[in-house]
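Same chain, two partners: chain A is paired with chain B first, then with chain C.
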Partner chain A sequence: MTTNGPRGYRPGLVDLATGQISREIFVNDDIYAEEQERVFARSWLFVGHESQIPNPGDFFVSRMGEESVILCRDRAGAVHVFLNSCRHRGMKVCRYDDGNTTVFTCPYHGWSYGTDGALVGVPYFREAYHSALDKARWGLVEVAQMCAYKGTVWANWDAAAPPFLEYLGEFRRFLDLILDGWDGREGQAELLGGVQKWLIPCNWKFPAENFSGDSYHNISHRSVDLVGVGPSGKSRRDYGELDVARKLHVAIPDRGHQTITYVLPSGHQPQPAYQNSPEVAEYFRHCEEERRRRPGANSRLIGAPGEIFPNLALLPRQPRTLAVWHPKGAHQTEVWRFFFVDRDAPAAVKNFLRDYYIRYSGPAGMTEQDDMENWNYAHAASRGVIARRYPYTYEMGLGHAVENYEWEGLLLPGRVVDLTAAQASEEPMRNLYRRWAEFMEADSWDELMTWRRNAPREAVAAK
Partner chain B sequence: MSGPINIRDLAVGARVVLGSGAEAEIVSNPNDGVWLFARYLASPRDPALVGQEDMIFAQDVVEVRP
Partner chain C sequence: MSDDRLARVLLTHEVAEFLYAEAELLDERHYDEWLALLADDIRYWMPMRRNVKYGEAAREFTREQADIAWFDEGKETLTRRVRQIQTGIHWAEEPQSRIAHFVSNVQLIEATPSVADAQEVAAKCRFLVYRNRVETETDLLIGKREDTLRRSGNGWLVARRKIILDQNVLMSKNLTFFF
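Our next item is the complex of A and B:
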């Protein structure tokens, strides 16, 4: 694939051959405005979780890029995602975070919409409009595509985008690590408590690249490790199993998704974990044993930080959380962090995890505070006219990723870097920015679906 | 002329008089302060509305029947 893009994102601003990326893509307001159209208006974006809207009329106000959207369940039980903007003069029709309603009423002139998006109430419809307004044309704007996957709800404004699972590609198994139960049962995740929301003064791509698999910054969390915020009172997490696992970077090149993952050896037995509570420790020992009994590759995988392009971060295990990096201008990000537990876990386990999750993540979480400080100052120190002249380097591990990586009979997709000895690489970041540059260059999804173009050639090659 | 009526205070079953002179009975109240769902009981200007359910705009409500 050529790296010469007509719009200047490749190789000028994102040079993957040398691993150099311009600071402009983080701090330039024009580039930010362009990525709203070219990235966020075309990508599949995480909107919320079905456990937030269990009943007819339930709604949760979410975001897609800079757009406010309403995730709601209509009176018939169907799930929708609407632009939160009145068709008459644009006022938000819902200004609550969540709730239950029969109608969304615009407070400006009083236009009113059903939970299925239909325009149902127009003040003075008979008198002022003379019953001539075609209400069917003026319902709430609905996303072009929506997908509910194991409880998570995703949406896309672009009708030409591939279906969500095709967009996800072989990264699906890594998303499953957070959505399936601790014992391996499918789709057991349930939202724990509310959504934590806060602002960070940095570009959204700083946290996105960090969660793509930046294991190089662990020194930032040294104090947290020393304090021992983990569920066994040591370090940040339970690392017993990880000592015998292969630590890998996995990047899916044609999708822009990437993660750290750990592969356990065959026949590995659960190690002590969650030692701060005997009851919780016993629960997870049982779950881990059950998970190992289930067939399938995921029983040997342990999830770690990862990123689904463009702005959804996953942390499947400790803590079990999704984060959305909502862009709010080139220089500000609104973080929304969702925490998960198995829905049928005992209350004692949920309470234990609530304490651990809050201790670790979110605006009050000790580990997340370390991260935010890095992103804040890195962004601020990259805005000046002198600073912008000097690119960042992403050359760590360049040329060391392999395809068809296999360990003890487990084959992994995409491009893989074995970090067990190397400790770190920047393959995931290069993967993120490769895909970002492709979105910024491409005029349509036809250009972005490289796997569909390659499929016939790959089939011929296989014969 | 009486002051504005806070329609959020109105319960299902309450009867209201509208600016057109029509009378309607509330069948549900979304409590948004803007709309009521109501069934027409009388409508001198347009008798065809009687029996129909409609959304009633707050500013149309001029009186609440005791």
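Our next item is the complex of A and C:
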């Protein structure tokens, strides 16, 4: 099994015909280094939320892959994403997590940059530089593309990448499940204050594939199910309506995005949920009714864990969060978890949800703790020279996905596996690694925009 | 020594002994006995910390009962955490971690209604929590605690605990243990 050569990935390391993937792609430092170039420097990455920078001069320091970036709003109100590194000798120009400023002044030799990235101050410009330095050329490095979508901000270092919404493709409706209000109104998600940041000793792809839709690992959460942290005091989540729903894996081929989702039967009435608090139960009952009145098929979809290629996980429902799996070397991941509520929800509802979110998710989350133990030791036990000889199997449900899946009048995009009886499949993981292998092989975005070749009309429709 | 100063020494000592005994229960994994030392209305809060500009100290911590935190909960959830460990299948604590709590710098901040007849006490201390698990996995968590203790019979109950961890990005993969 070769680890060299850009063409070796698909046949040697990611074998989708048999559903076998080499452990090398998780533990090999050379592959990791190449992945930084080929995946992270070319993909659309989640950077933050506009509500973190409401006013001119506001900034939030984020990450894109291994690198620190500054998300900020300039004096004219325009949003930018800059590499957080001085053009002179590379010093980090901002070491705060967030705040408001008029300039970013480099601590090393004192160059200063405006919130629009322009180099505005150079000590001894006349004396030492003899006024010769072309300041216009030495502003902060800005991303090639940026997109704000329903409050979320995304950025890409590659000018040749397609626009964000085209990159998202038909997965957009699943992202909408978290960004729209629970009553179906557009873009009502509000970010709660504070981003959880912590380290996990594993490759970033362990959490990425888990959130792609690992419905097979429920058993690892048995302890929390037994003690119950759900909003009704039982289990992990409220599952009432899921008794009548279809449970699906939806994988968007050519994009590498995938998710679990539940489809409600048409004409379904809201089920009791959040019974631990009458006020919260009433709020969600009201929202569920409103949602059903609105046009648009999403009223019949219930969100569940999903992953936008490469490293953004969404959990649209309980708890409602986005997580970014920032790579930090092949053997470590820095997670950033963002939590959302409906902007117009009563304070009591927001409080209730916040309490639930942090007892479920994050390092103190009674569910997520057990996930991290698995990822930690799965990674550790895959590093040895002997272990690396043995690939993982991803053959579960191979050949059982269908296209044009429809249930009671609702047509779903992508390749779908009906899990109602099957419980689990590895279609989402195969979809993730198919895309990953394509990125590792392709020399340019032209090769990666397969949908433009296959169906030119789709690209136009997505714009 | 004046009566008042003596009462203060005795009370500080009593508080410190209580905190040591509490740590002992945790380190010995006597979780049910530890839970019995928590008031039914306890607030157990561990905010997250931001890097902020000098002069913006108010923004350094996430806000209690408003923002996200590492912990922000009451006795019910703490009890569920103990029960989860006791299932024997909480994989993040199975096999169980080896944990040692160090409590130091105990300071008496306030006693009500008086030092001599304290029914409620506010105390500060430093903590060092050492966690070692499985083979070589090791975490060191260091910070400050602000506790409110309430007199109950002959002893004390923890009525409030604010945990200030001196970290920004949490350098441990999880927080399956108590502070």
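Simple rule for what comes next: the second predicted complex is superposed on the first by the 449 of 463 C-alpha atoms of A that agree within 3 Å, B and C clash if a C-alpha of one lies under 4 Å from a C-alpha of the other, contacts with A are read in each partner's own complex, and residues count from 1 in each chain.
The rule is short, and it goes like this: contacts are C-beta pairs under 8 Å (C-beta built on N, C-alpha and C of every residue); 3 or more make two chains touch, one makes a residue touch a chain.
Quantities reported herein were computed from a predicted structural model and do not represent experimental measurements.
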item	value
Room on chain A for both chain B and chain C (clash or fit)	fit
Touched partner set for A:97, first chain B, second chain C, both or neither	second
Contacts of A:369 with chain B and chain C, given as first, second, both or neither	second
Chain C versus chain B, contacts on chain A by residue	C
First, second, both or neither for A:405, with chain B first and chain C second	neither
Partner chain in contact with A:105 - chain B first, chain C second, else both or neither	first
Inter-centroid angle chain B-chain A-chain C after superposition on A [Cα, multiple of 10°]	70
Contacts of A:359 with chain B and chain C, given as first, second, both or neither	second
Chain B versus chain C as contact partner of A:436, first or second or both or neither	neither
First (chain B), second (chain C), both or neither touched by A:124	first
Smallest distance from any CA atom of chain C to any CA atom of chain B, in Å, after fitting	9
Interface residues, chain B side, partner chain A - complex	28, 30, 32, 34-35, 37, 55, 57-59
Sites on chain A touched by chain B in the complex	101-103, 105, 107, 110, 112, 120-121, 123-124
Touch list for chain C against partner chain A, complex	46-48, 50-53, 56, 59, 62-63, 65-73, 77, 80-81, 83-84, 87, 89-93, 134, 137, 168-176
Contact set on chain A toward chain C in their complex	95-99, 192-201, 220, 222-224, 226-229, 334, 339, 351, 354-355, 357-359, 362-364, 366, 368-370, 372-374, 376-377
